[in-house]
Structures are given as structure tokens and as C-alpha cells.
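Should a chain be cited, it is by its letter among A, B, C and D, assigned in written order, with residues numbered from 1 in that chain.
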Amino acid sequence: MQRIAMLGSGFIGRFYADSIQGLRSQDKVVSVYSRSEKNAKKFADDYGCSHWTTDMEESVAHPDVDVVCISLPNNLHETAVNLCCKHKKAVITTKPLGRNAVEAKRMLEAVEKAGIFNGYLEDLVYTPKSLKAIESVKNGAIGRVLWAKSRETHPGPHSDWFWDIEQAGGGCILDLGCHCVELNRSYIGKDIKPVEVMCWADTQVKPIDAEDHAIALVKYENGAIGQFEVSWTFRGGLDLRDEVMGSEGTIWINSFLRTGFDMFTTGKGGNYVAEKAESNSGWLFPVGDELNELGYNHMFNDMFSAIEKGTPPKETFYDGYVVNAVLDAAYRSAKSKLWEPVQLDIWRGRVGVSKDSHLVEYDADHYLVKEEVTHYGAKKLILKLKSTGKIVEKVVE
Amino acid sequence: MQRIAMLGSGFIGRFYADSIQGLRSQDKVVSVYSRSEKNAKKFADDYGCSHWTTDMEESVAHPDVDVVCISLPNNLHETAVNLCCKHKKAVITTKPLGRNAVEAKRMLEAVEKAGIFNGYLEDLVYTPKSLKAIESVKNGAIGRVLWAKSRETHPGPHSDWFWDIEQAGGGCILDLGCHCVELNRSYIGKDIKPVEVMCWADTQVKPIDAEDHAIALVKYENGAIGQFEVSWTFRGGLDLRDEVMGSEGTIWINSFLRTGFDMFTTGKGGNYVAEKAESNSGWLFPVGDELNELGYNHMFNDMFSAIEKGTPPKETFYDGYVVNAVLDAAYRSAKSKLWEPVQLDIWRGRVGVSKDSHLVEYDADHYLVKEEVTHYGAKKLILKLKSTGKIVEKVVE
Amino acid sequence: MQRIAMLGSGFIGRFYADSIQGLRSQDKVVSVYSRSEKNAKKFADDYGCSHWTTDMEESVAHPDVDVVCISLPNNLHETAVNLCCKHKKAVITTKPLGRNAVEAKRMLEAVEKAGIFNGYLEDLVYTPKSLKAIESVKNGAIGRVLWAKSRETHPGPHSDWFWDIEQAGGGCILDLGCHCVELNRSYIGKDIKPVEVMCWADTQVKPIDAEDHAIALVKYENGAIGQFEVSWTFRGGLDLRDEVMGSEGTIWINSFLRTGFDMFTTGKGGNYVAEKAESNSGWLFPVGDELNELGYNHMFNDMFSAIEKGTPPKETFYDGYVVNAVLDAAYRSAKSKLWEPVQLDIWRGRVGVSKDSHLVEYDADHYLVKEEVTHYGAKKLILKLKSTGKIVEKVVE
Amino acid sequence: MQRIAMLGSGFIGRFYADSIQGLRSQDKVVSVYSRSEKNAKKFADDYGCSHWTTDMEESVAHPDVDVVCISLPNNLHETAVNLCCKHKKAVITTKPLGRNAVEAKRMLEAVEKAGIFNGYLEDLVYTPKSLKAIESVKNGAIGRVLWAKSRETHPGPHSDWFWDIEQAGGGCILDLGCHCVELNRSYIGKDIKPVEVMCWADTQVKPIDAEDHAIALVKYENGAIGQFEVSWTFRGGLDLRDEVMGSEGTIWINSFLRTGFDMFTTGKGGNYVAEKAESNSGWLFPVGDELNELGYNHMFNDMFSAIEKGTPPKETFYDGYVVNAVLDAAYRSAKSKLWEPVQLDIWRGRVGVSKDSHLVEYDADHYLVKEEVTHYGAKKLILKLKSTGKIVEKVVE
């Protein structure tokens, strides 16, 4: 059983608490901190927390608290992390870890120096679909991974601080790209180094300083490509999709807008309010169980079980740091219009990995280009002569 | 926290235990009973049960046990229920409740006489999608329910006893139809009486005595129609779909084969084994988190929370009895080829409900048949004169 | 090249003319008949017909006309057919052939006596998806057909005469069930006799005399089951789906609401009008090319090519007659609540077909019930002893 | 009626001829040229061409020929075009127009100097779904277009010459990217200038010199982004999808692998051969009518109707030239790793278009950032103060 201090009482804090205290859970949020007394009290009431405060350190230091869960705007993460270090409390923090890799690195070094448990709450690698898909990839189901794309777009975040570049540290790249980068890494291999990033970003719709739409390619040392598509200007709901291409297979995951639940309503039958949809009538696509589908349940299970076992969780501050480093390169690239190197002062994965060979041997003299069954039933081979590079066609009946 | 005795160590018992002892759960299977010593020991090992036995009563009566969970072949439910009555233990049992309504009624009367908590483990009304859809229907999202169909078909059950009509009590109607009937009831209204049933059933593929394919219509007192389509001969995996038509909307739920997770594999990339699929290569459609998607987590949450609150759960032995009564009528109908009345000695819902009117007033003289916007932008009305019944068309520009 | 007289200038006549005179077509509608002079002129203008009239016989008898295409309300089909017989013109008629089998039989006998070409315009068996699926079934792709279901539901027809039971002859069973029955027959085998029908029908929503919702099961002589689900009360658009279960496979066809074209619009971007949708904003599901997707192009190609080759088309008045006979049985059953026999005075398919065996030999002593690969990789067999009927489980590692 | 000379008798020539001589078509392939006598004869036999030859000029010059259709490898397009100029024959050519913009420009100038009809056979902008979607965009259904992505990936082309970089001129960028670029342009506006391109390309799987996988971003003068994803290494069939994001809506088109036709087959039911699928068993996703779904029918209709009306078709050599210029920039970018400018010596669209404003006025003092309905029913506004840029939240109940 874990007793949690929740720092922050907003949208994400409530989502986390719903998951932590979910179905038959043994865990409990025992303290809540909010900058606003009203919000702190309300949260404590709603979730049955015995303690609430507007003094962050009081919550962190509370003797009943085992784990501190940071659900604050990005610019407050470091302060909170430092308090956890000071009071030697296990800490888990919402994404992104920092507003940039410099902040992230400081937090990583701080928790490691303090020797405290640290978890990075990247929920989307914990969705049931992701967990199963990533495991399938590890088992070889799709061969060698060539490309992993993650897309997260919606009509913009709920809370005001996201739109303020000072508090948030960035726009949709930082808000949503952090999910995508970690998903890409999980498919390509978290031990494979992200090398360089090319990113396009623009403010196309919203009257803000930060970017509201961005697309990036991330090159990995083994030649695989990660891609993210993020936006705060998408119309139609929350679009959350991943695609992975492998040499022997393909994965398509749709985590929100098309999950096997379609509802049409004229809107005349009652005062029905659809959630996260952009309208309350017409065709709607609800998600059965958001907490589970978005990975919160499996994420907290991994975190708390790791604490109990004394092992690191699947996602640590180190991962948060790598993600920030990739996003920093994306921001630089969006300005410089160049492929920007990912600057990783700390790298704990494999080094010197070379690109996989693309030569498939057919026989002593040929490489295999393609094999297909024609519509008249014969097997057609397209081969390449090793000696001359000439392409030849061969039909085997 | 609940301490459970699991009666039965087979496929469904394991599924239940996985859910009960799932992510961060406070509940625990403390005792397991199996007819086979080997299986009992294996189960106890796998799930960390402190007690195992081949004597059913020993498990039921064990002082550590709060709740007995019956995961036995259908013909053993009654024996187990009676032991729970004798030892005054809360009891929850897998579906169907009985092999027929006579058995089910005896069990219902027994538990009520004994005054013990009784829960009917109909998981499919607890799937996250069902829970949300049923709530939407209650909130009026699709108006008046006209038709609710549930389909459950697959290539046949895993365990041998299902195929033996003596142990199972029937074929796919009893095995799968019980889910469908309760889903139908949940959409149409559990207080609306099922009146009569027309059923077709046949043994089309399997060399068995029981039916391997059946379709039935169930008429409810308010004029709504329930429908089930069940089979042990479906090819392609587990087909689990619901459709609901309302006067103001539509619901389509796909719970298994198309849930937003598509994988293609040539099968050459590794020894990947797909679960519940009929092959290990080509396009596969995994489900992210079966325990959650199939409703087990929300079902046990409802059961155990109800025990703790001292309230009845959403699904009780009474519901199991109603389902058995509907299925009995289906079996009679399959033989008689007639609409067979549902015989309900015990009925606790509304009585004397009449069919809803189908007359929608347009103005003093007309009923409204249809209103549509033509492709040239005008509004076209089709009306019916109240006086003569004549249909007239009227274009409002 | 074919020169066509179009009888009727309404919704379906226009759809047909759009197809007949479609992309680069050599065929031409040369004459149009309408009861209304205004409509006849308008149609002639729109489609470039050289001749228009309010006298049906004038159109049929016109010397330029090769083929008469009947696009009239159901109660006028027979009159029109008789004129074609009189003037020895090839005739093709919209569905259903008659309001009942008595009418249909008279028309069938009339055209055969007159020796004229006769085609039954059942477009849905000609959709590209149906054509390919039916051919796959014939080639054995799904083994023995066990069940074929066709569903056509929408919020009600466009033209007023459909709602008038005198002109239409019935409600949604006649209007939509005719499509479904012929699709079912095409999958099960058009030479397999439909034997009996069980039908539920009701008027649930519309203020009309005819049924606005119906479901029927049609038993075929080989034990296969056809099913139709039809309604004029469906909300959400045009729901057009087929499902076929075979002993070795499955087919799912969605012809309208989910064909790979999803559009979301806030409705604020312009005066966009969606077709056949129930709203102009939110998620919409357009169909790319309705004429082709609904089978019109392939249907007229078959008809006119057959005329030129002197062969019968795929669908003749005989098929229309069989369909009417099945629907008659459905109407009788909806009243009698019994399985009603299909009365076929004329039957040109196979007779005395018996039900297919459901016994699959495993070895000399056993039938095979089921074979599956367990999650631990072993092959599990469920067998039935021929001698005793006992079910046994056998694991082959 | 048009009489066509087909230059080339391979895969694409046959596809074109199937479409040109399709259902009830008035058009006819009257002459065929192939480098191989055997293939020319075979094609002439199969399609009933009165004339065949191994001399290209003979076919072009043949007096019966109205239009020349070029279906040759990329390196032979220019030779064929020049013959059409010489003999003043209308010419339509398969995609891409040239192997690069230099070739394409020469062809464009040649046909314009010769004053002959010229059509660019970019079929994918003519698919029924594309036609309808593009029209919807023009009508404002999705507001201002922000991003248009087109994806075409498959396991590699059928014919050997594609794999030979000399004949083909490039790899999957040239083969597939040409489709994508023209689709992007059609959504964004064909009068909007493509300005610069960033492209990643690699040879990840095939033993060839050309790229087998590439992703590119194309920036347009109005700030919109086009994107293509192309590959010859995708597993699972032909993946053909488009996505468009607009300020007021979204479009998703799936043209091949998920079009509402799902089939499962164990493969035991007969010698069924699936087309364009990577296997003949398991879940397969056939397309109903490839010729129509891939746009061939609507494309030839546009071409031949334009010839008859004396107007240019929707797609001309000019479009082919623009596409080649964009792809040239993509190739340069893949090497230089820079955003490369699109070099367009000839540009006939708008010039000097500036980026659309992203400031939406809320009131005199504020811009509107976001408006949403909270789950408790209130309207929440996120606004930006014009004077200070500060973000404020406002709840309107």
C-alpha cells in the first residue's frame, strides 16, 4: 500500500487520483497541496484526503506520505523535486519532466544524488494496447522496426497555464511531443540513441506565441525513424494514434476516436453531455474506460510495485531527460531549419550501433528484391545480381 | 478487503483470479477448491492461495473466507450454492446461474432464505463500453429503445465439459445467450418484462448433441425487441458486438475484433503467438487489456463494494433466474417453432406496461411521418392526415 | 448501345438515368414518361431525352426505344409490364417486382409468354463488394455457408407513395427486405430452395399502417439460414451491412456508413450540405461514388450486355418472383406468429436437397469437435467417441 | 467516342485498358505498341485491338488513333511525347510525367508548342472519395486547410523496371510521391505555390540503389503543409490513406486496406486466391472495384470529355511538371539535409500569397484562444489580452 501526496489539484491531479484510488485499490492519496486553499479543500473532500495545505513543503514532508506525485505546471516541477530530495521522499512526476533538458538534467542528478525513487509519469507507453504492442515488437512480431510514428492532436488543452509559454515552457511540442517521443523510443528500442531531429513547427490557428502544430522526424543510430505529429488545432476530438512499420509487419493503434464504440444521437432524446467530444449530437465516439485506456492504471501499478520491490520503474527521470533532450533538438530545428543533433550528456544505452544491412541474400549470385505470387498463381522473383547490380525478373511455376 | 474462496481452477477461475488480484488490488483469493489435487495445488501456487483442497465444503467453510466465487461447470452450481447457504457465506457465481430456470429458482430461493449476499457474475454488462452506453441510454441519448441486439460467437469453448450436454445443460444458447439476454435487458430496462421468445437453433458444424448456432427474438412488454445471435462455429476469433436502435439514436459496440488495434505479421519475425486468434500471421486484432475490456474488473468492484456497503450488486441471482427463464423459452421455441411465453414465477419489475405510441403530432390535423432536408436545401415534410389517414407531402422552403 | 424509355421521373428514375448515362456510356435514355407533364419535361431537359410524354404506352411503343425501364410505384409495375409485352419491348423493372407473389407470378408468366427480355433491377447483388464476395463464396473461400444476414435500415424513404400502403403494398419489409432476401440467396445459392420464414414486424415509431421495423429468418432446404433486418426508423443515416458465416470463414460488408471516408466539420466553415446524412456537422461518413457503390453501374452493364448477347441477365423476373414469395411468407408469419412455408408454384432450382452433415471424422473411433493451440503452445483436441458419444480432451505436444 | 493507342502492354497499360473499355464504354483501344511482339499480340488479343506493333511511331501515327496513352517506363515518356507532337495526336501519360523537372519541362513545352491536348494521368486525385473530399474542402467544409498528408506504401512494385534506377529515375519518392504531392496540392489549392521541401529518404530493406522509404514536408506559400509518406517496404498490402486538417474540420480517407469489406478465411475451403494481399488466409481486406476506387474511370472520363469539349482536363502536363519540381526538391533535400526550395521556372498560380492570420478576435480587448463546455455544463473561455499578451480564463455559466 502506498500513501501519496498529490501536488496540484487540477485536471491531471484529479485524473491521477481517480486512477490511484480506482477499483479496489489499496493505495490512497493522503495529502493534497494546491496554491489555492479553496481548490485544496475541494480536492481533499472529493478524494477523502486527511490532509490538505497551501504550503508545498508541508505536504511533501508530511509523515504519512510515502510518495509524492507532482501534478503541477511545468515551471514548478523542479522546486517540487528538490523538496522531495530534501525530505527523501519517493517522487513521481507528470510529463514533461522539465521545460528543457537543462532543467531535466538537474532534476535527474538531484534525485540520483539524493538516492530517492524517481518515476516519470509517461502514461501512453502504459496503455494496454501499447504494452501489448511493444511486447509483440520485442518478440519479433514485426521484424526490424523501420519507422514508429505517434500522433497526438486535439483542439487545445483545458487549463490556462498551458497557453502561457512562461509557465508551460513551450507549446504542443512540449505538451504532446513528449508522449510521442517516448512511444517511438519504446518501439525502436530504448537503448538505441536518438541522433538528430528535423522539425517543422508553426502557429497556424491560435493567437499565442507558442507553436500550435508541429511535425518532426527523429533519426536513431540504427537507421530507424521516429516521427511525431502534434497539434492543438485538430478538430473532431482527441486523435491519438500510433503506427509502426517493421520489416516483417505493421502495427496500427487507435487509442481514442475509433475504439469500437460508435453512438449516434439526434440530441433530442435528453440532456446528454458527451465528454471530450466537440459536440453533443451526431456521431460520437466515446471511450469505454479512459483511465485504463490512457494507461494511468498500469502506470501507477508499475510505479508503486517498483517502489515495493525496490526496483526502478519502466519510466524514470532518466527517460524524462532523454525526451527533453529530443524535444530541445526539435525546437532548435524548428528555428534553424536544420537537422539538429540530440545533445545527450548522459546516455546509458548502447553506443556505436550501425545501420542494419538491407541486403537479403537469395543465392550465391543474387540478392532478393521481391517475391510475389502473380494472379495466375506463379511465383515471381525480382533479383539483383551481386556482380553487376542488374535487376532481373524470374518466374518460378 | 475481501478474502475469496475460488471453487474451480479452470479457465474461468484463472481469469477471475487474475482480475480479483489485479493491479494494486486489496482483495485476495485465499482458498481454492478443485476436483483434481494437482490442479488445486497448481492454482494455489500460481495465485499465492494459502489454502487448497479437493473438498468443496472445506473451502466454503474455511474461516478465512469472506466470499465464495463459483467457477464450476453448470451442473455443480447448485451444490456449491447450497454449501454457501449452509455456511452463511456471501456467494457469487459464474454465468449462467442454472442449467434452467427450475435450478435457478431453487438457488435464488435458497440464498434469499439463507439471507446471504448473492451476486451473478454477468461480466459483459460491466464492460467499460457497456457501462457507459447503458448510462447514456438511461440519460436519453438515443430516445426510446426499439431494439437491442447482442452477438457473441466464436469457434467453440476451451474446456471439454462445455461440449457435454449433461454437464453444460445446453449448447451455445446457454453458454453465450445468457450474456446477450442480460445485455438486452440492460438496454431495454431491467424492469421491463420479457414476454415471449422465438428461437431458431441448429447443430450445423460440430458433431455434438447440443446446438452450435442459434438466433432468437425476445419480445418485451413495452414493444421493444431483444435479439441474440450466438454460435460455436464462427471463424475469425471472438465476435462480440452489440447494437441498439433508439427512436433518437443508435449504439454500436465492438468489444473484441475491432477495437483500434491492428497488427500485421508475416510470421517470419519471431515465434510470436497471438492469443484468441485463429492464426499467428496475417492481420491480427489483439485486445489491449482483456480483463478490463471483458468487464471483470468493474464486475468484481461492484460485487465487493456492494458487500462492503451492504447493498445488492447490479446483478443478483434474481437476474440470473430471469435470464434462465428467457433461455428456457428459447429452447422450447427452438423445438416447438412457436413464440414461447417466458415463464416467470418470480417477477419484481413493472407490470402491465403497454406499448409506446407511435403517433407523433405535427399539428392539429396531421401526424408527422418524416422530415428531411432535400439536396436542394428545402425542408420536405411527409405528413399523415389524422382524419383520413392519407399521406401528403409538403415542401417548406 | 441501348436506347431506354424511362417510366417514372422520381428519385429512383433519376438515379437510374445517372447511372445509365454515366461516365463515357454508350447508352441513352431517349424517352421519359411521367404522370406529371412538368416532371416529364424537367426530366427530359435534365437528361437530354428527345421524347417525353404523360401517356405511358406512347413511351413504351416509341420506335426509338429498345428497352423499357420501370421506375414507378409498386402498384403500377404490372400495367407497365403488360404494355411491354404488348409492344414486345425488353423490360427491366425496379424492385420489388410485385406487391406480392401473385402479381409477380402474373408478370413473370406474361413476359415469358411474350418472349421478351426481362430483368429484375436488384442493385445490391451488383455492388462491387457483393460481386466480389459472392464470387469468393462460390470459390470456397468461406467453406459451406451457414448463415447470411443482410441489414438495410434508414430513417424512411424519400417519396410519399412509399408511406401509402395501397400504392406500396407494404412497408419496410417490401421496400427493403427484397434487397436482403436476394443477397441472402446469392450467398446461400440461388438454386437452394427457401423453405419457411419466421418474421417479427411492428410499427414502432411512424404513424403509419405498414410496418416500420422487421426482422426475419428464412430457412433454406440445405439447413442454411437467411436473415433480414429492415427498418424505416434507424437513426444515423443509411445502414447497409451484410454478414456471412461459413464453416471456413466470415464475410463482413459495410456498404454505406463506414467505407473508409470520415469527415468532421464544425459547420462553421461554409454552407456545406452533406448528402443522406442526418446532420451537416460533426462526424459525417460520405460515400465516394454512390452509383457505383450501390451497384447501379454493374447492374445496367449486366442487363444491357445480356440483351446484346441474347442471354438472360443475372437477375430476372423469376428471381423477383421468388423474392416476393419469400416476403409473402414473412408477412403471413408476422401475423400468424408461425414459421410460414414459402409457397413457390414455380421453382427452377434444385429439389430434395438435404441438410449437410455436421460430423467431421477425426479417426476411426472419433469425430473432431475442436482443435486449438493453447497459450503454452501445445495442440489441444476435443474429440467425440463415435461409439458412446463421450467427449474427450487430448493434448498433443 | 475516343480511339486510343496504348503505348506499353504491361501492368499499368492493362489496368488503363480495363478502365477505358470498361462497363458500357463507348471508347476503344484500337492500337497497341510493345517492345515485345509477343506482348503486343497478347494485349491486342485480350483487348480486341485491331492493330498492334513493335514500332512506337507506327502506333502513334496510325490514322485510326485519336489519343495516345503512354504506359511506358519513365525513361521512355519523352520519346513518346515527342512522337505525339510530331503527329499532332492528343497525348495522355502515366505518372510521373518525367524522371525530373528538366524532362518534364521539356515535355510541357513540346506539347504546348505543338498545340496538342495533354493530360497527366494522376489517378488518385480522381478517386470518388478524393473528388468528393476535394469538393467539400472547396465548399468550406473544413475551413482553412492547415495540413494535408498522403500516404502510399506497399511491399514494392510488380514490374522489374521500377527497381532499376536508370529506367525509373528514382525509387519510391518518384513512383509514389508523385501521387501524394498532387493530392496535397488538390486539398491545399492548386494555385498555391509549393515553396520548399524537407525530405528524409533511406534504403532500409531492399538491396537497391534507390530509396525504399521516404517522408517529406512541403511548405506552401500560405503556410499550409503538405506531407508524403511513401515506401516499398510496407507489410500488409497496399496502404493508401489521406488525412487533411482544417481550421474547422478533418478528413480521413482510406482507399484500400479498410474500405468496409472484411473477409476471414481458414484457407481450407478452396483454392481461393486473394489479390494484392500478402496472404491467402486469415483476415483479408478486398476492395470492391479497384478500377473505380483507384480513380481510373473518373480520370479517363475527365480526359476524354475534355478532348471532346475542347477544354483542358483537370490534370495537365503543367501539373505533372509542378509535381516533378517538388519531387526534385525532395531528392535534393534528402541529400543536403536542408529545406530545399522548389524551383519552378513556370508557375501559373497565385503569387505573393501571405500566411493566414492566426488571430481570432473575441472582443475589443481579447483574442479567443479556446472555448469549451466543461463536464459540469459551463462554458469556459481561454482568452488572450491584446494589450499584454496575458492568458486569462473566464467561465460563463
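Just so it is clear, a contact is a pair of C-beta atoms (placed from the backbone, for glycine too) under 8 Å apart; a residue touches a chain by one contact, two chains touch by 3 or more.
Note that the structure is a prediction, hence the values are computed from the model and not measured.
*Asks:* Can you list every chain that touches chain B and also touches chain D?
*Replies:* Under the touch definition, chain B and chain D have A, C as mutual neighbours.
*Asks:* When the CA atoms of chain A are placed over those of chain B, what is the turn angle between 0 and 180 degrees, to the nearest 5?
*Replies:* 180
*Asks:* What whole-number Å value describes the gap between the mean CA coordinates of chain A and chain B?
*Replies:* 35
*Asks:* What whole-Å value do you get for the distance between chain B and chain C if each is reduced to the mean of its CA atoms?
*Replies:* Chain centroid spacing, chain B to chain C, equals 33 Å.
*Asks:* Approximately how many whole Å separate the CA-defined centres of chain A and chain C?
*Replies:* Chain centres of chain A and chain C, defined by C-alpha means, are spaced 49 Å apart.
*Asks:* Identify all positions of chain C at which a residue touches two or more other chains, and write them in rising order.
*Replies:* Only 142, 235-236, 246-250, 264-266 qualify.
*Asks:* If you connect every pair of chains that touch, what shape comes out? Choose line, ring, star, complete or other.
*Replies:* Complete.
*Asks:* How about chain C: which of its residues touch chain A in the complex?
*Replies:* 235-237, 264-266, 278-279, 281-285
*Asks:* Flag every residue of chain C that touches chain D in the complex, lowest number first.
*Replies:* 1, 23-27, 127-129, 131-133, 136, 139-144, 246-255, 258-272, 286, 288-289, 292-293, 297-298, 300-301, 304-305
*Asks:* Under the touch definition given earlier, write down the residues of chain D that touch chain A in their complex.
*Replies:* Within the complex, chain D contacts chain A at residues 142, 146-147, 153, 155-156, 158-161, 163-164, 198, 200, 202-209, 212-213, 215, 217, 219, 223, 225, 227, 231, 233-236, 239, 245-250, 273, 275, 337-339, 356, 358-360, 367-370, 372-373, 375, 377, 380, 382, 384, 389-393.
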